[in-house]
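You will see chain A twice below: alongside chain B first, and alongside chain C after that.
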Partner chain A sequence: MAESSAAYPPIMVRGLRHSYEAHPALRGVDLQVRQGTVLGLIGRNGAGKSTLIRALLGLLMPEAGSAWVLGEPALQLTDRVKERLAYVPQQPEAFPWLTAEQMLRFVGQFFPRWDASFAKDTLSRWSIPSTRPLVKLSPGERQRVELIRALASRPEVLVLDEPAAALDPVARRDLLREVALRAGEDGCTVIFSSHIVSDLERVASQVALMHEGQLRLHCELDAAKERYARLWLPAQFTAVAPAAALSRRAQADGSLTLVVERDAGGRWPEVVQMAGARLDALGLEDLFVEIAA
Partner chain B sequence: MNLTLLLAMPWAGLRTSLRRVWVLFSLACLGGALALFLERPGFMHQAWSVATMLLAFWLAMMGLLLSSLLLPALEARQLSLPRLQRAAALSLLLNVVLVLVAVAPMVWLSGHPRVAGQVLLLGLAAGFAYALLPALWILPLLLLLMLPFWHSVGHLWHWRMIGPNDPRFIWVTTAVIVLAGLGCAWCWRRLLRYGVQPIGWRMRPTILNFHLSARRMTGDPQVLLACQTPSWLLPQVRMDAAGPGHFPRTLRIALGGVFLPVTVRSAARQLLLPGLLVLITFVPLLASKGAEHDANLRATVLSFAGMGIGLLILALMLTRSAQLFYRWRRPDGALALLSLLPGLGTGAAQTTRLLETLFGWMCAWTAPLIGISVLAVMVATHSLDLAVLQLIVLGLVPAAEVAAVYSTLGRRPLPSWALAVLAVLGMGLFIAGDDLLAFGGRAVLSGSLATFLLVGCGLGYAMSVLLAVRGRSALRHQPHPYLALE
Partner chain C sequence: MDASLLMIQPSAPEPIYRQILEQLRRLIAAGQLAEGERLPSVREVAVAHAVNPMTVSRAYGLAEAEGLLERLRGKGMVVAAQSARARSQAERLALLEPPLQALTRQVKELELPAELVLRRLGKLLGE
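The block that comes next holds the complex of A and B.
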């Protein structure tokens, strides 16, 4: 663990650009994640979250930019890094012809720090039929098997792409507890994409908001509520609205709603002081809706 | 709903690329059949029968396509839209009539309108039966339907084979068509009456099972099939000697499907049915005596060696290539795990190990089958020329598979129209090759049919080499082979 915390961040992304059939999915994304961080990646469907995750794991070749995992280029990871990395995709479809027990035994052979007793105990604790082929399990059960697979490898970097999508509330709570434990006790770095803002609020230490292929916000979770606010400007002040707003929406009556950010000195834009302007504090979900709507 | 909308209804659910492929496929089948019906004498022995089979195959595919109208009918039932429900049924009937009217002139052109007409109706009925009859009935029903036409089984029971020249042919085929039609209508009506839920998957039509699985799972046909298969029939994987350092076995487990190493018991279970088919075909023949024995044995061996093994090699190749394509199209499947699994090497070593596994498995299956086929042709015909021709035609299959592997791994898949052209070319070659083996033999080896075969093969080999080089070059520029097709 000490090695990864040394000179380089576990995850680093520079100027990532990618498009699908001329539709841009990533438009120059920069991201750096420190060791032990639980980064909640949030965004609407099609915002580019999964593409970003795939690019940073070397699962797709971006049109421009680069990504590094534990100091190695994502597209050329060596076994040294792969042994310390785990990924759970959005729709786990790997090895449906194996039973849960076979799959975990098979994959476990490749990871030197594989925790077989964790895998066995968790299978039993989560009541997953271990001798039934994965193809015969429900989507939620398959997702849980994938989570066990990822966690049992004792990774230093854990990447979860909407892992809670198919889980019931009890399983979701179990997952969040595991993620918090791994990050807190082992110093595991976690990237966790989700639509469920309350889940992120429970475990994330940082939040990154993606919208239309761009990373619109990346900060500490606690700071997000302090650092961003919704500014409402009546119609007569719209001309002086700050240009650097995270979102800008014109209302039917000519007024303007913006999401504004404190500057480096902790000050709001000057327009906030004008008579008639209104500044509202935002929760994470409101912030998400304001930026992504 | 107006007539145009009713006629267009089966196409509405198809993607644009599939529609294009369908148009090309139809043009190739109808054009090929028309050309064969109008052929000059001497080009192909019994060209009309080959053309009729081609048309029957097209009609079977048409039956499959039109059966998909069951899906909007069921959706309409769910949404309580009785007009739409009726429109689906009406569209089905209209399209069937239209298709039959379209092929009617060809039936007349064949010169054997009664037999050709019956065979075409059988083809259409087979397509509908496969898609609409309960999944559990399909295999036994197909075997049962084949019995009257199955030479060696007929011999066992001292039947006369019911061939096109048999006076009973019309009655038997009519009965089969009527039964299939009634069965399909019963299934359609039953589903629309009671809905999908109360009917278990075994009694649901195959087309509906595929549709429901596709909604639940991926588009990978093998995964869909596995969803439908009872657990005890699923392959039991051999997990020994898999892990770091054991690349072929490890990668075969990861790739799954036809690559899976299975236990002896599981393999025996999977080979039981094909083995039984071979047994009931050959045992009566070997046990028979008399003047017909040699001719029957020769015909059956040639049929198995030429068409049978050829089709088996082709089917295996298509299954492996399609499986690879689907694996590489799903970034969240085995591909992501393989890409991040330690111990499989990096960069070029990773690619080499994967290619060794894929090509090694391909050789292990294809080389012996081609060898058996060529040897059987030589023994049965005593002609080295025919055996060499068989080798050239069958050699196209592994050549095409190498091209498919490189195209997929290099992320340069063929456009769908090119796939359709290749499929039609392959089908034409097999039909021509089988015709040469079955009817022509040495006598027509120097004729235009052999020339067509050689030119077609030359074209096929050239295309395969071109595609393989194109894919290989792209693969060499990739950092690793597990990048998904996008």
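The block that comes next holds the complex of A and C.
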């Protein structure tokens, strides 16, 4: 709270719970995102990522808990906050009868910091057909138009739900570059959900892993790679396996695979020293699979 | 130095800031980056690789703290004067420690005799 520009975290979530027809989607989620963070939100299909995103933006009334965006309760955002916020859903549906150019010109009027030249340049860079109405575009093209809308509004908070699937590798790199620079240079706060873990690894400063409606891990991305590792213990050592592990899987041959963590002094649990034990550094995707499989 | 000369592998277990720092250490120890040579700005590296500028800053900051780089007003980061002096052999050897340890582990997993591996390595090194 020391920074005068941000007396509150741009995104704050407390005790969120929600379910769909008795199927729990969020089972008590707390999250705070500091200004300038790029938070990569990963998790399997159905882990609750989209529900969390919709609840934290006030697009869904949770059964319990609350969310704040730029200091306002998410369910009662004023226009003052809405114009500083941009969200790209997985399946955008707004203004189907307009062409991309018409739509961007129209919505641009409502954003005080609208960047018309960015919108124009990116439309041609990302090969968006200029004469067809949005309803006639492919889902991928439609989502690209929404990404342009979101970025051109120069938001303070940018929320992207699975944006990368719609983009070819060149456009995807463009998007990542924009996200990285907006966050790193302008202090934009970004939440970015994706299955494509390597995209997140380029730009994310923090990673949050959702599993079965809960956040199982939320830390700096670099710390996630340095602090955790996979430990394999042959069957004869499984009795001395550390009790505290982020995940634990018994293998068919009686051996055990664990995700272990360094202690406050940076040391691994003692058992890693035993002959036959094996410790492997993990990339984010492997860590994801170990925890969520 | 051009930003595209850095190799960045986002999916590697090694964090990106550490990949950048290790490359700077090696390039400077080997004299491939000479004293006073200008480094690409944080922004240039971030743009070239679509990575977070804060990650690049962190690597540069650590390299500065190690005395590898220095910040010159108006010029940005340059290779620091004393680091350009040829490093001792021991220091350069220390930089090889991580790959040597990885190699050692693989040799043990493959249950290969040390002398066979050393002979092959000698050949690769042109002895």
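To be clear about the criterion, the second predicted complex is superposed on the first by the 260 of 293 C-alpha atoms of A that agree within 3 Å, B and C clash if a C-alpha of one lies under 4 Å from a C-alpha of the other, contacts with A are read in each partner's own complex, and residues count from 1 in each chain.
Throughout what follows, a contact is a pair of C-beta atoms (placed from the backbone, for glycine too) under 8 Å apart; a residue touches a chain by one contact, two chains touch by 3 or more.
A quick note: this is a predicted structure, and the numbers were derived from the prediction, not measured.
On the superposed chain A, the positions of chain B and chain C stay apart, so the two partners fit side by side.
In the superposed model, A:Arg173 makes contact with chain C only, not with chain B. Look at A:Val135: by the touch rule set out above, it reaches chain B but stays clear of chain C.
In the superposition on chain A, no contact is made by A:His218 with either chain B or chain C. Contacts of A:Leu57 after superposition on the shared chain: chain B is touched, whereas chain C is not.
Once chain A of one complex is fitted onto chain A of the other, the partner contacts of A:Leu77 are limited to chain B, with no touch recorded for chain C. Once the two complexes are overlaid on the shared chain, A:Lys49 sits clear of chain B and of chain C alike. In the superposition on chain A, contact of A:Pro92 is made with chain B only, not with chain C.
Residue contacts after overlaying the shared chain place A:Phe111 against chain B, while chain C stays out of touching range. Touching more residues of chain A than its counterpart among chain B and chain C is B. Nearest C-alpha atoms belonging to chain B and chain C sit 27 Å apart in the superposition, given in whole angstrom.
Common to the chain B-facing and chain C-facing surfaces of chain A is no residue whatsoever.
Residues 216-218, 220, 223, 226-227, 231, 234-235, 237, 239, 242-244, 253-254, 256-257, 260, 330-337, 339-343, 346-347, 478-480, 482-484, 486 of chain B are the ones that touch chain A when the two sit in their complex. Touching chain A in their complex are the following residues of chain C: 10-18, 43, 46-47, 49-55, 57-58. Note for the complex: chain A touches chain C at residues 36, 38, 173, 176-177, 180-181, 183-185, 197-198, 201-205, 221-222, 225-226, 281-286. Residues of chain A that touch chain B in their complex: 20, 54, 57-61, 75-79, 82-83, 85-87, 89-98, 102, 105-107, 109-111, 132-133, 135-136, 139, 161.
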